[in-house]
Each structure stands twice: as structure tokens, then as C-alpha cells.
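This structure is in C-alpha cells; I'll ask about it shortly.
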Amino acid sequence: MNDQRLRAFLEDVRDGRRDVESAVGELRHMPYEDLGFAKVDHHRELRHGMPEVILGQGKTPDEVRAISEKLLERSPNLLVTRASEAMFEAVRELSDQAEHFPRSGAVRVWGERSKLGKAKIAVVCAGTSDIPVAEEATVTAEVMGNEIDTIYDVGVAGIHRLLSKIDRIQAARVVICCAGMEGALPSALGGLVSIPVIAVPTSVGYGASFNGLSALLGMLNSCSSNVSVVNIDNGFGAAYVATLINRL
Amino acid sequence: MNDQRLRAFLEDVRDGRRDVESAVGELRHMPYEDLGFAKVDHHRELRHGMPEVILGQGKTPDEVRAISEKLLERSPNLLVTRASEAMFEAVRELSDQAEHFPRSGAVRVWGERSKLGKAKIAVVCAGTSDIPVAEEATVTAEVMGNEIDTIYDVGVAGIHRLLSKIDRIQAARVVICCAGMEGALPSALGGLVSIPVIAVPTSVGYGASFNGLSALLGMLNSCSSNVSVVNIDNGFGAAYVATLINRL
Amino acid sequence: MNDQRLRAFLEDVRDGRRDVESAVGELRHMPYEDLGFAKVDHHRELRHGMPEVILGQGKTPDEVRAISEKLLERSPNLLVTRASEAMFEAVRELSDQAEHFPRSGAVRVWGERSKLGKAKIAVVCAGTSDIPVAEEATVTAEVMGNEIDTIYDVGVAGIHRLLSKIDRIQAARVVICCAGMEGALPSALGGLVSIPVIAVPTSVGYGASFNGLSALLGMLNSCSSNVSVVNIDNGFGAAYVATLINRL
Amino acid sequence: MNDQRLRAFLEDVRDGRRDVESAVGELRHMPYEDLGFAKVDHHRELRHGMPEVILGQGKTPDEVRAISEKLLERSPNLLVTRASEAMFEAVRELSDQAEHFPRSGAVRVWGERSKLGKAKIAVVCAGTSDIPVAEEATVTAEVMGNEIDTIYDVGVAGIHRLLSKIDRIQAARVVICCAGMEGALPSALGGLVSIPVIAVPTSVGYGASFNGLSALLGMLNSCSSNVSVVNIDNGFGAAYVATLINRL
Amino acid sequence: MNDQRLRAFLEDVRDGRRDVESAVGELRHMPYEDLGFAKVDHHRELRHGMPEVILGQGKTPDEVRAISEKLLERSPNLLVTRASEAMFEAVRELSDQAEHFPRSGAVRVWGERSKLGKAKIAVVCAGTSDIPVAEEATVTAEVMGNEIDTIYDVGVAGIHRLLSKIDRIQAARVVICCAGMEGALPSALGGLVSIPVIAVPTSVGYGASFNGLSALLGMLNSCSSNVSVVNIDNGFGAAYVATLINRL
Amino acid sequence: MNDQRLRAFLEDVRDGRRDVESAVGELRHMPYEDLGFAKVDHHRELRHGMPEVILGQGKTPDEVRAISEKLLERSPNLLVTRASEAMFEAVRELSDQAEHFPRSGAVRVWGERSKLGKAKIAVVCAGTSDIPVAEEATVTAEVMGNEIDTIYDVGVAGIHRLLSKIDRIQAARVVICCAGMEGALPSALGGLVSIPVIAVPTSVGYGASFNGLSALLGMLNSCSSNVSVVNIDNGFGAAYVATLINRL
Amino acid sequence: MNDQRLRAFLEDVRDGRRDVESAVGELRHMPYEDLGFAKVDHHRELRHGMPEVILGQGKTPDEVRAISEKLLERSPNLLVTRASEAMFEAVRELSDQAEHFPRSGAVRVWGERSKLGKAKIAVVCAGTSDIPVAEEATVTAEVMGNEIDTIYDVGVAGIHRLLSKIDRIQAARVVICCAGMEGALPSALGGLVSIPVIAVPTSVGYGASFNGLSALLGMLNSCSSNVSVVNIDNGFGAAYVATLINRL
Amino acid sequence: MNDQRLRAFLEDVRDGRRDVESAVGELRHMPYEDLGFAKVDHHRELRHGMPEVILGQGKTPDEVRAISEKLLERSPNLLVTRASEAMFEAVRELSDQAEHFPRSGAVRVWGERSKLGKAKIAVVCAGTSDIPVAEEATVTAEVMGNEIDTIYDVGVAGIHRLLSKIDRIQAARVVICCAGMEGALPSALGGLVSIPVIAVPTSVGYGASFNGLSALLGMLNSCSSNVSVVNIDNGFGAAYVATLINRL
């Protein structure tokens, strides 16, 4: 409840349009709708100026359809992450604009495409196996109103490839950097650019990569100070943070 | 080597002021000075527009003095993190402006105090035991040209205290959020503001806090999407990222 | 063997109705039946005043049927947790009252529905993905004679939703609180109510959630002192503890 | 802010005793005092009906003294946990009633000693090395108005000692059970009593006890369903939960 | 090569029946056969007085058949652990005596059934889910010439069931004790008997049982000193050690 | 309470020498003395036929003295493990026979030295740094009535040294094998002898030895089947198990 | 860009054949081709004198085909590791020389078979289950121009088998040593030879082998100093390092 | 025992100079001396052609002196790693050539300084805090007869500094690369050179560096294939492997 509505509310009390007893009750409750299995929070949309996003994982296609329908009634844009093929079918029945990105599992309805960011966001990844995570970041950042510059396969084992792209990356306002295995790319990249680096460890690797733990630890211990980190494989979260920075 | 210097360099080759053989060698080497035990990298200062910072931990007071002397010759500002009392004495001999912050172990020379940030940075912490980390973030962000709003002791167990400060926090451009134990503060805070949250897990706690690991994992798994994370107790890194964002 | 029966037993010895030699042997043995693969312990039922519960996981449907048959002979109520579809079929053949809860895998025969608790138990969960665990807790607590108030999808990222439900939660005698990812809900909730909080970490999440480990650690380190914790995904155990508290 | 005060507040608005603009501001702020380094939260005391407790660890004796002074002004009872000798001295200067428990590091002022619990709380520990944690639980539970029955050194390796005390333990309303090493005591005890068991893993042990991790995991995986768990060495937290249960 | 054969060998050298050059080579080589993919070591059989055992896991049915054929030529007894249905079929083609134990995955040819142990081995397990591991131990110990007394479902949550069986267990020369979850049974059992306890953690459990890690740690930290531990689910290894002890 | 005493007890009831009411109470209690801070359990001595042992770690010298005094009244032998110099002084005041072993921290009173074992116990260690643990095992096994053969510094990196001692080791009835770092010695040794191997991981090493965890894991995964394992640095426990085996 | 080409480049600038502005740009870029999803780096081939290798895992068969086609245009040799059957089919369509090694998942085109190594590389493994990893090492080392001597099934539990092969192993220039479970083989082998040992932990084992972690830790803590380690199951990496050493 | 000595030995048997019975015994024993607490193994020196090295950690100065005296009798070179000041004093009394390196704790007697390596070994480290480990590697490699080129403070955050030194590093035969924190340097370096890289993780860092674990995992997962890894802080081991490679 923002200050303006709160003020109006208290004026109602002052002017007798709202009795005290009911006001006590109302003040204790926040407005939201009830879908039974999930409460769609319009508060969050108001607060962050971004469309709600559905995490497909752990939901049934029917649940995804029901939430999507509710959300599409009031927003032209929708994102479902970690969605199955069946979830894509469910959303496509609601909107023929629905796009599917099978590598990352993203489903997107991108009706309103105005640019809200101040500059580009660069999305960089170390190896071809990291592309699914980079794609989730790209698809997310686009639907949130950013222009993206994607630069793939520039891992530290071939540092010259990274060096040749530094000018493009530095031209962005913020860079999302996805890497698995030893997760060294954000450190090397961070030393070469003066923009914030959002590091995304990926679960790419085997053996002692421990499903992304090694990359995660590497990024948290980065000797480059312009690096902050999100969860393993969390391309969505990285795009969200980058979007906030790009709108400042 | 920036484009301008590279252009001048190649013009020298073109115009015969520099012979090819020596140019090959020069191109392969970057300029930096040699202090014997540590190479002071002025590249990084150029790239990031920030004063070099010395990590006191693992160095001797004499090493800190020698590097500090070198750096103070060309910059009015200096920061030594995780410094001992003896390191503070060493720096104070070089500059009577030197300040000491014993809780966080920071030593600072803050000669040039112009504001470079676009707005304030909020520094929030969960409990009084987290203050040393919050202080490192504050001291760092100040010397990098930011105005700070510090809000301490607003942990999630007393959520009303946090709620009463949200307007102040939202007024900042970015918020640094320090918490130990379960590290839940960034999640709760992230849901209440629409600015980027830089989360700093602290090693505060005992038993299953595992020296900050629990807080770190909590923050990486935050259900609030505007949260990114730095290393345990890394107030400095959080301030660095926040500074970059605040200058955009 | 309770004091009463022990007294009777010793009176038999005293009065010669039971000879010493056989009494030695009897005293060393406890009464239970032998099904071959599993000993049904009626001791525990006597001690705790609750129906025996079968853990379906790791058993075959035939084993579940055999144990269920034995138990239904002497109790109108039965609970099978983590049961498969086939186990449900097996129990339904024994009782047409059998209910199936596929999300949580619970199978229940709820013949005797008298209320044994002093007040309601609140069952709260953070996100829709946590509902299976909350459902296991609800189904269990109901069959043990409690009235339940379920409050779903009130995670800390939307703290206002939680705040609007605090009165309902505080009205319960104890609250079961299920959350995955960072597991921050019990801490926030614990600071808002004055009743015991039984925290259940769930395996919901990905990457550094490590199958519920992050949520578990977060809850163990809770800065709210009214929180105690059970195993990951252990909705049953939480309901059991809550039932004991609700009967006091 | 409870309903009563909120009602009075809104009546002030309705009746013009409080203007709308200031009411907006007031509603957004919660009452607490500001000690500079720590905000003493009287909300929590109101909510939980218990005196505030100071965690000594990580504070200076001067900080402990300052917070203690503030709290003793309004409450006859005070508890400082994990306190040093110097903290005890600081508190004794404020109150000659101050008691010191060196094994557990507790400092206590116990002025108001009325019993608030419905029955006894049993405090059980496995070995003599677990006594410091059991003592923290006992000291805490006493100052919160409970009568305690302490039963020490009844580890599972000598199960007969435990069996001989079961009647006493069962006579309590809730039992706190402290154990290090393999942490098996809560499982064995839980199978013998029908009251809630609050298990406290201790850091007692060596090698693969990993400072209490083994005991913690053992308790979380207890096959006795009446067991819930708090953090390693957290005697205070166990007493807090037990107190809530004992007051129901 | 035992002393007798070595003596004969050196006598051959001394007496000129074997020339020095070939003796050098022979001394450097140990006798074994070569199946290409696996060297069957008859040394080990000689050393330990036990039939070779094949670990089925990681082999193909064809490999199991080939090794089995080789071994059955010289021994009436054979054990394949962690074997698939197909491996059982392969062995049954070689011997119609082959038995299959699907719960534990054991395949056994038990032609020579003389008793080699001095007394019984007791095999105890905590819950019905631990039976597969207990079965592997039982099947193994039998084929190695021991008489077994199996006592199942005597977990610590129902300690009276365990107590009523102590005389039977103490009558054995050594006891194998299998338990998952918190793994507390060996500690409780170890305090009640004066024979060696071989503890086998099982992977039974969920959540924080971490596939047997909790049980393993519990057993390693046992407060009963007569307990030693083998790998998770390693019923075979426990039976092997118990057999050696039972033959002493 | 053994069968004989139980029989006598019931005969007293039968013959009226003991009334029923007091018999109920007595049956529920086990005989032990109460020292206040620690209950000395004579049951365990009776059950296992071994003197009680005091774990010095976590106790004060005064506590050690008090328990020692009690125990020395009824037993000529006493062992204090992980004892400090001050504990040794405390015990020496009670008995001038007290020996001190500073490397392992053992304190021993060895008054009754009759041999109870059937053969020797071999104590083997990998490197000189493992000697403290091997010494704890040796001192313990001696006071429990075993003859010991110690074989030090035969790590796997110099396998010939181990091979040259195999005859001596095989001549023992059981071998205790202590090793840190990679903990490979029990595997190599286990393949060379046909007696049970009690493996003791030591905390010797650095870096990725993780205070003995690497050695522990190595031993648990031993490819030699005659190996069972005790806790890290637990020389005492290994000696206890070995003693039981040596008395069979 | 090597010195020769750099010299020619600068001579072009000097002689006016290349203008300064374009030279600046060119110097900042490195030559490579762009396949869209993966940049084939010929730099690496030049630097290391070895054919590029494709990691099949995480790629589609179509991606493998496209990269393979590109690479086969300029090199007679190709290796795809961790390849599926479908990837083998894809490569065989490009070259009928393609070989498939199903156990290790390797696909190889070995057109140019000249020997580049100075001596043999020995590939040793502990058990038959380790053969897939050893095979990956062998297939890799062969296609890189080495002669291989493979010695399988010489684990430490049968140390005589290893001893009988030491002469063959010592005759190599470097040895690759694969072992799972406790990973003790490199330590034992390292003490017997004077050549570098490249240790490869394998994920063979169960329970506390934790998918190769135990073997990895064992090898890192090896008491033999001639051992270095690569990732779990990384036969390819071991062969790569061994090849470099064999070419020196 | 090499072939030559074995041949002579058998000729003695053949020719009757050695009777069979004593030969059996002798063949079972290997020659080494006995210092009581540590067996000095001359086998290892013979096998590896290097002086024995003493690990100071875990020994007393007297033990170091005794072993050093024995070793210096037959070798002009000696190395004590992880030595204390007192150990240095002990060695200096034996040889006035003794050098002390306090940062790494190395003590060295370097009497015989002939070069045995084919080329230089490069020792590279990421930051000044890694110098102690790099120094241990350098001191070790020198005393083993190698010429060293040390290149310090070239971490990946300032990649240009590394690039400017690549020619020097590539000129070596093998490179030892020490790095803490994220441990990214070996990956970046490995992609730039075609020589073997021996990676040494250091315990430098804080928080989630977990005493070198992050660096260790990073290096094991290196995307550069010419990297193998030794234990955390194991400069000695890296130098040992590098020496073997440099002598080939």
C-alpha cells in the first residue's frame, strides 16, 4: 500500500467515510487474488515494474496454464522458465505469440517490446555447453525491455578470443557472464572491463565440478572486485539484476 | 594500452621513429613498476577509475608501508582492508590523514572527497554482530566517492523494524545487505524494494552456521530476484560493485 | 509394560500363580507380533496414543498391504506416507474409505474423526512448490485428531502477504512452516508470532539449494528463537510433533 | 502494534486529534529506542511475553553493559548467553543479583521468579561433556519461569541408566535432550516417552564428529517422530521452544 | 609364494635344476591367469582361505559369466554381489545350484556347506528397509561357512524390542548391525553386548540422511567402544570381517 | 542385572522377602553411584570385562581426579585418554604407578598385568607423524591385557618396508593399522594378511587431507575386504575392538 | 599471433602498406572462424601441436557433426570424447575411418599415425571397473602420437600383481594411473617408479566413495611425491598431460 | 633389490655361499636402517635419484636433527619443509651451510649444486600472498638441480601482466603455477603455453575459499588440458614432479 493510497484511506477515516473497526481489519490485510494453489502477487509487479514470471519447475502444465491466463489478462508479456514442452503447449493455447526456447526451457509471450534499458546488456559465456543458461538470461532480459549483445564461447583457455571482444563488452552497461567447470571467466573478464559483472555458475562439467559447485566457489572467490554472483544455472536471476541496473 | 597510445605507437613505427624489432618486443610487454614482492598495477586504476586497494591480510606491515608509499605518490586516497594495528601505524607515518576502523580492520586515507555517485548507497545489516562487515562496506564506498545511508539491526526476526526503514532504503540507488546466521535479510528486503540488492553473507553465528556457509547458501537461493551475492564477509567487494552501479 | 501390569505380574509371582523361572524369561521379552519382515509394535501406540504409520518408501505394495491389514484390525485410522499408486490400490482393497493424496504420496483411512487437539494447528508454506510437503503435514495432523488452518504461498519475498495472515496463524496453538530454497520463512514468521514454529525444510529449489540443505541450514540458524526443525521434506514428523503439542 | 492501540490511533485520526499527514508517517514506523549500535526491541518482549536475551558472543563488555542497563530498567530478569568473565563483571556492577555459570558462559539476573509453566521441563544429556549445553538450557528455562528436572549422563551406550529415569522424564511436559558424538540419545528417548523432545546436538566429540555435524544429522534423521531439532550447542533456543510449549 | 615353495625354488637354484637368469625373472613374477579383462587372483584365496567373490556392479553379464566359469572350475562355492537378473541367468547356466536373492542382488552357488566358524554370527537390522543390506551380509556369511542368527526390525525407537533379543545376540561371537537414518543402533547395541559389533550404515532414509552419510557419521562417532564400521551398504564387507573373527 | 540376580530377586518376591510395591520401583532402577557430574557405570565393566576408561578431553583435572579415585578403589588398572599434563599430575597423586605418554596424551595405571589375549595384537602405522595415534592404541591394548607388536613407518610409498614385515604382522591375531594423508595402508596391508584389520584414520596431513577426512574415506572404500574402520585418531577404540577379538 | 607474423605486420605499417587506423583494430582482434554456436580455435592447435578434441557431452549429434566436418577439413585426426552412439554415426558419415569405443564413449579418426613421443606411456588401472577411464586415456594418447603399454587390474589389495609389472611400467616415460574406491594405487605405484605419475580418480565405487571424491582426495594426499592429479574420470586430460611430457 | 644384486644373491645360493634357509629369510627382508622413530629409506633415494626430504610438520626439533644428521652423512644436500625456527637452529648446528626461508618454512643445505635439469622450470604465482608456496617450490626445485625462473603477481584479474610474461614461461620446460582464491591462473596460463602446467592451489583467501578448497576445485576442473594438480599448498610436491619432467 503506497503513501498516496494510505493517505486517502486515512482521510476516509478522518471524514467518517470508513468506520474505525473495519479500518483496523483492512489495515491488517493486503490486496491479492486467490487462485487456490497460488496467490498471484500484483504487489511485486508494482514494486519492481516488471512482469511476473512463472517458474515452471515443480508445477503441472495445468497450473502453468491457469496462472498464465490470469497474468495475460493484465500484461502483454509473460515468461515461464524451466518449462516443459507440455507447458509450452498450454501457453500457446492462450497466446499464439508464445515462443519456445527448448535449450533453456523458456516460454515467452513478448507482446510489448519497448526498450526500457539505458544501454545494452552483454551476455557472455565460456563454452558451448553453457549456452542454455546464457539463453535463459538473454530471453529474460529481452522480455524485460533490454537490448542484448551475446558473445559465446570465449572461455579462459583461449584468452585471445575474450580479448578481441572486450570493446564490445565494455560498451554494455552491465555484463552477464556464464561459465561452468572452474568458473574462471568472470575473474578474467572482470579485470578487463569497468562495468558490473553478474556471474552465473553453470552446472556444466563432470567429476569434481560437483554440478556447478566448483564454478560457484570460483566466482565467489573472484580476485576481480566488480563481480557478484547468483545461483547455479540462474540465468533468469542474472537477467533480473542486470535489468534493474540497466534501467537506473 | 589504450587506443590513443596504441595509435601513437603505430605512427612511430610508420614514421620510422621506432624500429620494427624493438616494437615487436614492446608490444609484448605491458607497463608496470616492480616493487620486488608486488607489482603495482596502474592499469587497473585506469580501467576502473578507482584508487587501488591493499588487502592487508597475509602481508607484513613493512610490505603494506612500501606499497602504500608508492600509491600515495599518485593518489590522494588509499584503502587498506583487513589491516592490523601495526599496519595502521605504518600508514599513519606516511599520512597524518590516515583513519583507523578497528572493528572492520580498515585503514583509510581520504584526501579527495568529491562525490562521484549519482545517489546514495544504503548499507543495511541484520544484527549488531554484522556491523564489522557493514563498516568495511561503508568505509570502502565512501572513499570511492559515494554518500552512504547506514541502517543497522533490522534482521528478519523483527520484520517491523525493517518495514519502517523501507522508504529510506528505496531512496538509495543500490543497497548492500549484510547478514549472518540464516542470511534471510536479503530475501525479505529484496521483496520490498525495486533496487539491486548486493548481499554479503557474514561469518556471524555458531554451530551449523559453518562460518557463514549457511548465510551464503541462503542468499544464493533467494526467492527475491534482485539479489546477487559476494563472498562471505566481503564488505569491500560489495561496496565496489555498488560503486560501479552508483556511477552509471 | 506399565506399572499397573508390572504390579499385577509381580503379584502373580508373589502369590505363586507364576513360577520364577518363566517369570525371568517373560520379563526379558516384550509383547509384539511377528509378521516375518516387520514387527508391528503396539508398544509405540500405547506410549504415544496415536495410530501406527507406515512409511511406504522402500516397501513393496504387498508388504504395505500385509502391515495395513494387521493394523486395520485394531484401529479405524491408518496412514501410509510416501506411498505409490499401487500401494493406494492395495489399501483400498482393504478399506473403501481409503483416500489418496498424489501430490504428497499419502494414503489415509480416516474412520474415527474425533478432535483430540486443544486448538488449531496452522500449516504454512512459502511457495506453491512446497505444497506437497505441507499436504503431508496436513493429512497427517488431521488423522491424528487436529483441526488444521492451511495458509499457502506466503514466502518472504512478498512479506505483506505473510503479515496479512499473522492473526490467523497466531490463533493456532502451534504452526508448521514449510519452505525450500533459502528457507527464510520460519525466521520471519517466528518473529511475528508467540507460538512454537515447527520448521520443515523442503527440497524445492535448484543449484545451490542442494536438495534442501540450504533451507535446512537456514532454519537451524534462525534468529527467531521459537523455531525448531525436522528433516528435509518431513511433513509427517512436523505434524507428529505439532500433534503432541496440541494435545498438551 | 496491537489492535487496541491501533484502534485508539485510528479514533484519534477520526476525531481530528491526529492529522492525516503525521499519521501516515507514524503508521510506517515502529517504536523502539536507539542505542546507536543496537536497537532494543520491546516489540519482541510484548509478542512473546519473555525478557529479552543478549547474545554475548561478538559483543564487547561495554556493549553488554549498555544494553543490560537499558533492559534492567524495565525488567527484573536478564540473561546474557555466551558471556565472558568480563561481561559478568559488567553486569554485576549493574545488579548484585547477577549470577555467573562459567561452564555454559551464562550470566543471569533472576529477580522475578514466579512460575509460568504448566509443568516441569526435563533437561537430559548424554555425557558429562554435554553438561555446558544442558546448563545453558537449564539456566534459560529457569529465568523464563519453568521448573526444571535435570538428568545427566544417560547416554545410549548404557541404556539401562536411561530406562531407570524414564518415569521422571515422562512426568515432564517437554524434554530437552542434549547429546554430542553420534547424537543417538533423542532417538532412543523419543521411543520411550510420549512428550515432545527438543534435541540439541552438541559439538562434543572429535574426528568425524565434525564439531557437532554428526550429532545434528543423527537427530534430524531420528526414527522417533516426536523429535525436533535446534542448532548445535543451542541450549538457549531449546529452552525457548520448551518454554513456549510449557506455557500452552 | 609361501615359504615352502620358496624353499623348494631356492633348492632348485642351489642344485642347478634352475639356472640363475630364469630364476631372477621368475622371482619377479607372481602366478595368475589372464582372462583379458580381469586377472583372477588365486593368491588372495590362498591367503584368506575364502572363495573369490565377484562384484557384479560395473560388469556385463558376459564378463560375470566368464569369471564365474573360471572360478567354478576350482571351487564349489561362488558369490556374485550387486548382480542383475541377467547375471543370475548367466550363472544359472553354469550351475543349477545357483540361488538368487533379489532384494540384495546376491547370486550364490553354495556347493560346499561345511561350517568353518566357531560360533554363530548375529545379523541385526534396525528397520525393514535395511533388510537388503542385512541379507547381503547373511548370504555372504553363510557361503563363507558361518551359521547365522538374523534379528530384524529392532531399531532404537522401540528399545524394548532390542532388549528382548540381547541374550540371543550376546550368544553370537560377533554381530553385524545394519541401520540407516541416524544409525544409532550400533551404539545402543554396543552398550548391551560384550562382543565385537561390525556396523553397516545403510542408504535408507531421505533428506538429511544424504544417502547413508548421516548413519555412517553416527556409527563412526559411536560412544560404544566395541563398534567398528564398514562402507555404506557394504553387507558383504561386514560379513567378510565377521567371518575372519568367527574363525579365530 | 543378570539372570541369576533376577532369579534371586523374583524368589524374594515369591517368598515375601520383598514386597511388590518396592519391587516395582527397584526393577525400574539400575544400580550406579552418583558423583554429581558423572555417573560411574559398573555395568559396563561387568558386561565387557574391562576397566573403565576416562576421556580426559572436555573434563577438568579435578573431575579427572575425582572419577579416577572412585575407579581406583575397585580396579588396579586405569586409563585416561587425551589427558593434559595437569591431569597426569592429578592421577599421580592418587597412584605413584601412574605413567604418562605425552605424544598421545595417555595416562595409565597398570597394576594388574596378566595377559588375557590369545595372541599378539600388531600395531602398524604409516609414518612417524602417525605415532601418537598408534601409541594410544598400544597403551590401551596393553592395559587391557594384550601383548603388542609395534611396526612403525611402513607407509605405501615404500611398499618393500611393509612387505618385509608381513610375517610378523600375520603372526598376530588382529592388526591395528594407523595412517593419515591418503590412508592407503590398510588396503595394501589387508591384501597381504588374512587377519582382521582395524583401520584408524589419523588427522595427519595438510590441505585436502581435511583433518583426516581423506584418510577416513580411503579406508571406508578399501578394496580389501578384511578392513573395518573407527573414528579419526581413535586409537583407543581400535584397541578396544582388537582386545575383544583377541580374547575370543 | 607469433613473432614472425607480428614482425611482418609491423613492417606493413612501417612501409605504408597498412594504415594505422586499421592496424589498431586488427591488433585488437584474433583470427578465428565463426560456426555460430562454437568458435573453432586454431590458435590452440598451433600452440599445442595437437589436434582439437570435441567434448561430446552436452552437445547434440548435429553440433558434433558440424564441428567435426570443419576440423576434418584441416586435420587427418579427430577425437570426440564422451560421445553417444548417435555422435559416432554422425562422424562415420564424415569419415569411414571413424572408430567407436563404447566403454569409454570415445570416437576417433586416426588418419595420421606417426609416433611423436620419445618413449611409451604406461596406462595402469586398479580394477576392471576402471577400464573405461583407462580406455579414454589410451585412445587419446594414441591419437596424439604415443605408443601405449596398458596394464590393467593391478590394485593394491593384490600388491604382488603390481610388483610383477613394475619393470614394464618403469620402462615408460610417464605413467597414467586410474583407480576408484580408495584411490590408493598411485601412492603405491609412485613409491616404486621414478617417472611422473598422472593419477586419474574414477567414479567407481559406492556409498562413501561419493562418485570418485574419496579416490580424488586420496590421490591429492599421496605420500608419494611424483604424483599429480586430474579431474575424476578425466582420462583425456591425463593423456594430454602425458603426451606433453612424452614429447619433451 | 635390483636385478644385479638379485642375480649375485642367487649365484651365492647356487654356489653354496649362502644356505637356502637363510636365503628364504633374507629374500623376505629389505635393507634399511632403524632410527627407532623413523626408518630412513635409501631405497627411495636410489629409485628416484633425489635426496631424501624431511617434512618438519609434526616432528620435534630433536627428531629433525637426528634424521638430518643421518642423511647428511651420505648426501651433501638436504631439505626440511614446513620447518620451525627451532628446526633451522638444529640443522645449522649440523651444517653452517644451512639456509632458512621463513616465509615458506624451508630449511636447506645445498652443498652440491650441479644442474641436472634439461631446461628451466618456471614458477608462477597469482598474488603476493601466494609467494610462500611458490618459494617452497623454488627452494625445492633448486636443491634438486634445476634452474628456476620466478614470475610473481600475474593473477587473472590483470591478464595483461600475464600475457607480457608468456614468452619467458614458454621458454621453460614445465611451469609450476600457484594460486589461491578462485584458482583461475592455471586455466588461463594453460591456454597460452604448450608445456605441462603443475597447478598448486594455495590456502590464500577467506570466506568461501574454504582454506584452498575453491582453488583446488577450480584447478581440477580446468578447461585447459595441460594442467595437473597437487595438494593445497604443496609447493614441494609440485617441484618434485617438475624435476622429474625436467630431467627426462
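Labels A, B, C, D, E, F, G and H are assigned to the chains in the order they are written; within every chain, residues are numbered from 1.
As a convention for this text, a contact is a pair of C-beta atoms (placed from the backbone, for glycine too) under 8 Å apart; a residue touches a chain by one contact, two chains touch by 3 or more.
Being a predicted model, the structure only gives us computed values, none of them experimental.
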| item | value |
| --- | --- |
| Equivalent-chain rotation between subunit E and subunit C, CA atoms, steps of 5 degrees | 90 |
| Distance from subunit H to subunit E - Cα centre to Cα centre, in angstrom | 41 |
| For subunit D paired with subunit E, centre-to-centre distance based on mean C-alpha positions, whole Å | 49 |
| Inter-chain centre distance, subunit A versus subunit C - centres from mean C-alpha coordinates, in Å | 38 |
| Shared interface positions of subunit E, touching two or more other chains | 44, 157-158, 163, 191-192, 207-209, 213, 216, 220-221, 231-232 |
| Which pairs of chains touch, using the document's own definition | A-B, A-C, A-D, A-G, A-H, B-C, B-D, B-G, B-H, C-D, C-E, C-F, D-E, D-F, E-F, E-G, E-H, F-G, F-H, G-H |
| Residue ranges of subunit C in contact with subunit E within the complex | 28-30, 32, 37-39, 41, 43-44, 55, 57-59, 63, 82, 201, 203, 211-213, 216, 231-234 |
| In the complex, subunit D residues that touch subunit A | 3, 6-7, 10-11, 13-14, 16, 20-21, 23-24, 27 |
| In the complex, subunit C residues that touch subunit D | 44, 47-49, 53, 118, 173, 191-196, 198, 216, 220-221, 225-232, 236-238, 240-241, 244-245, 248 |
| Subunit B - residues contacting subunit D, complex | 128-129, 131, 152-154, 157-158, 160-161, 163-164, 167, 204, 206-209 |
| Subunit F contact footprint on subunit G (complex, rising order) | 126-127, 155-159, 163, 181-184, 187-188, 190-192, 205, 207-210, 213-215, 217-224 |
